[in-house]
């Protein structure tokens, strides 16, 4: 039985609902309709009263999730698109993120963000906002790249006592498949060596992991071994695993789909430069999207985001090939 | 006649109002009351109908400023505290920031954010949000550290055709003084060597420039010359000036008052590591606030943010003193 | 004089002219034909992303566009094809934006319903629902600063968007500033799949008017004459200093949320109710009944619109998309302040 | 049964007991004495940051606290000293938070009015106005999930906060979910310096109730009996399944926005109007008139409260502030997921 990334997300939610009576799901169209992307398909029927349609009120959606969480529930909030989380922004970054630090009362909410570009989605249905959330103290930001991680990390997101921003990549929803659901997983906070290699470290997360793997496969045919590190979560970042990889390879390229100013690629490069400067044989490199809103037209869109092609070109530069 | 940082902001607004009929000011209590910090003192009287109290509706405040701007006005919006800009967030980052790119119609708004910690202000009256805004494409983010820059950069913020996030540091409002208002200024986008030195580059912005200068003065008495670079604007960052300084000194420490994940310090370090790796004689260093909300109690607060003392200790480490 | 919260009846203006009705009908036809063509292009794989139609909402939408004049400002939403056309948007703009032509007003940067020409008073919608209302407020504030009188700003939203904080802040702001805003709520009883019972608990959305101190109007969104009458009156009141007007029309969307959606969630009772009638059919009946045109005349009118749409589509299909290599990747108007962020 | 938007009169409950009134009066006295002490400490430089008082708003506030029971939840705002005490917050919590004692519930991390004990039903306010309403909704949703019945959640806000998107989204959400929410608006006619004419354009804020489909109540916020009657009724209605209740009380703040502010902007006409009366003095008059206590009795009551406050302050002034070196600088509950971010 093969499972898609989206199905894994649905299954994780089904399991969380089944195993933990504190869990409920709240978001626009998540009920009978099963969500804009069908991530909650049939769940309202299977778990009556626990998968509820919300009004178009992201601030109140997140605010009420905070209230329920501090009262002992484990809400999962679905944003229809990550881009609309700006409306729930204040409740996420000021209310949820600071609550435990202020009061010692944990605030275990999960905010699911359908992130990232797909063709024809345009500036307001394509955003990758992990950097915005990771900047604020008090949030865990997960960015699963695989079907297995989508499943196990979402379960872990529900289990931990902190607010979690769960960044799902829309491009992976339907096309990324695995043989089945995982039975074990790396803990959150640990990066994964998605492919080992000795010549260069290529750090990526979310959908970019697959572009990175494409590049690594391509380079392997030419005899160059790229090590691909999948960060899995961008807050915390598993700096140790990245540094250990750089210790092996001496070269670092960090790729992210988000905008270039600040963000994951800056944070990873700054950490490696600060903590492992002498392990670097070449200047560390970053590759991000362009510094404009995300364009609608497919041709613009594919030039805007990093792709296997632009990553390969950066890698060649780094390897002086 | 001496002028404070706050008076410079008031004077810049007075001049903008006087010289440009497109300018108006909108924000809570900015009218007769002159603003929570008195940055618009007497302006409502001097410019009747052009300095207007707004309801507690940051989303509508910014949204209407966008509308007025695209219709030819030059609105200056005052947020009562930077922290409350989260409520106007969507209009800033999605509406204002993307408008010109989408339509070719410029959106020249200025959003004034009273930023940064002061003693006893607590988690929601102390935030420094420059990194959040700088991450989004389409915004200019200014962080003046001096009375002169507060004045001239605010005038330039009003003049340029793009939305500007103008980060004013509340700690400087009343205490920082200059002899008078400047008659000339560096253009926005250029960093300033606040103090020359050959042994180390210390990059800072906003209030941290003054902590940095304190450290430089202290080190000078011991014969170590620290070059202090004041970024002035964090988007764009004047990488050239930073790199040129690093070329002279070989050592880099970047200081910011914002939270540690991502942000200005990561961006500067990542750029220097990427573009000027071989100029560095030691791993580049960063110093930020701690990764928690900003504490209320003065003793916690001064341990939370970088200070001359913690900067000095990082500088000593970098200089192996 | 002004009576906040007073609710006007959706009285059919007896003086409504045959000409107006027929003109409106033509725009509705054009919008319908254009929508059908866009749906076909979408099914044919020619359109990237989604396609959002206004089927069943043309009467209300066209009434907004026709109540406005040059110099007014209009922020349409996803179901406002008819209103856009009536206000002056050309078919080419619509087709170019949907197909991503680099010659369209959005140059392939933004798509489908996210199109506009701010300099001509049509604002391109932000996807975030409710977010255009304060922008229109701002345009009206600017026009007031500049001494432009007799202008109106219209914003179109759905029942779902009334739950946004943006709606509340902006309508309240307009009321405080006494702006000539006409805020039109198309209550089509669903926000995507969500019925109004999960969206609000008031009897009627027009009951919100009194709480803002603005005038409320309700009307039958299926009845073109009612829509024209109500919108004209609301726009005239706004224009003449009566402050913001909240118009709530009841109707049903006769298509999916987007063309990917079969709208299986819409209740059969609603579909079978008077709300479920097709406003275009209702308008046509009226025309026939009044003898303003006959079947043949209407068929000819329709053919004219089909011709216009086919021509536009044929033109645009030959137009190039944007060239990523020629694209200037700068978000700022101030090019000198843009950063390049090139990796290499 | 439930009549959305019906506005209840601020009828003085005839059965109101002397005991209730006197108990409320004692809390009001305590709140006033505490506020005065905090103001003195502020002037004496003992308090970092601001001090925000509830002078003139004690009658309304205490009525909220007294209408609630153990198991209910309360999100007070900046002028709710009296309501906090009546609901069960102890004087020490207030003093410790204002003085930054590490023994207080906020441990020096948050200050002044930003205090609470969520496990005991008092939520610490977020500074962002309106932001506590959806949180209380969530607590009520959780209690419903858990099968806890007969609970009420109360939120206190000012006239200014009614302009926030948060207010709208949350009140609407509560209405859709039929939550037992009592939303109390203290219309003190100013938001900081901003008069209501720049804040909203409706006749009365209670006119908003109908637009949400919730019951509205208005009352004279200067009259303790009216406040007790209205709040009791609202809480009982909410408790018994009538859904959200919007209470709007008219009053005036008799102090600055914070103690740094001389409130010079408050109009003399308002100060001289019935709204400008001191609710504490009005309550005292009533007590004397009814013969429930005499001047001496009241003076003794006041002295008791002075004693309690002085004792708390004396205690707290000897308590240590937080020690930055002992502080664990982690925002997360999951320590293992925290990052250290040390420079060196």
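Just so it is clear, A, B, C and D label the chains in written order, and each chain counts residues from 1 on its own.
Rule of thumb we're sticking to: a residue touches a chain if its C-beta (ideal position, glycine included) is under 8 Å from a C-beta of that chain, and two chains touch if they have at least 3 such contacts.
Because the structure is a prediction, the values reported are computed rather than measured.
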{"item": "Far-end chain from chain B, centres as C-alpha averages", "value": "C"}
{"item": "Distance from chain D to chain A - Cα centre to Cα centre, in angstrom", "value": "40"}
{"item": "Between chain B and chain A, distance of the C-alpha-averaged centres to the nearest whole Å", "value": "30"}
{"item": "Mean-CA-position distance for chain C and chain A (Å)", "value": "36"}
{"item": "Chain D: positions in contact with at least two other chains", "value": "106, 109-110, 114, 126, 128, 163-166, 169, 172-173, 176, 198-200, 330-331, 338-339"}
{"item": "Contacts with two or more other chains, residues of chain A listed in rising order", "value": "54-55, 57, 59, 83, 86-87, 90, 94, 97-98, 101-102, 123-124, 137-138, 235, 261, 285-286, 290-293"}
{"item": "Topology of the chain contact graph, where touching chains are joined (line, ring, star, complete, other)", "value": "complete"}
{"item": "Complex contacts: residues of chain C adjacent to chain D", "value": "4-5, 163-169, 172-173, 175-176, 178, 197-203, 205, 207-214, 243"}
{"item": "Of all residues in chain C, those that touch chain B in their complex", "value": "105-106, 109-110, 114, 116-119, 123-124, 126, 128, 131, 133-143, 145-146, 165-166, 169-170, 172-173, 176, 330-334, 336-339"}
{"item": "Chain C partner contacts - residues on chain B that touch it in the complex", "value": "24, 50, 54-55, 57-73, 75, 90-91, 94-95, 97-98, 100-103, 105-106, 137-138, 140, 160-162, 188-189, 235-237"}
{"item": "Interface residues, chain C side, partner chain A - complex", "value": "47-50, 100, 106, 108-112, 114, 126-130, 160-161, 163-166, 191-194, 198-200, 265, 321-325, 327, 329-331, 338-339, 341, 343-344"}
{"item": "Contacting residues of chain A [partner chain B, same complex]", "value": "83, 86-87, 89-90, 93-94, 97-98, 101-102, 123-124, 131-132, 134-138, 235, 258-259, 261-267, 269-270, 273-278, 280, 282-286, 290-293"}
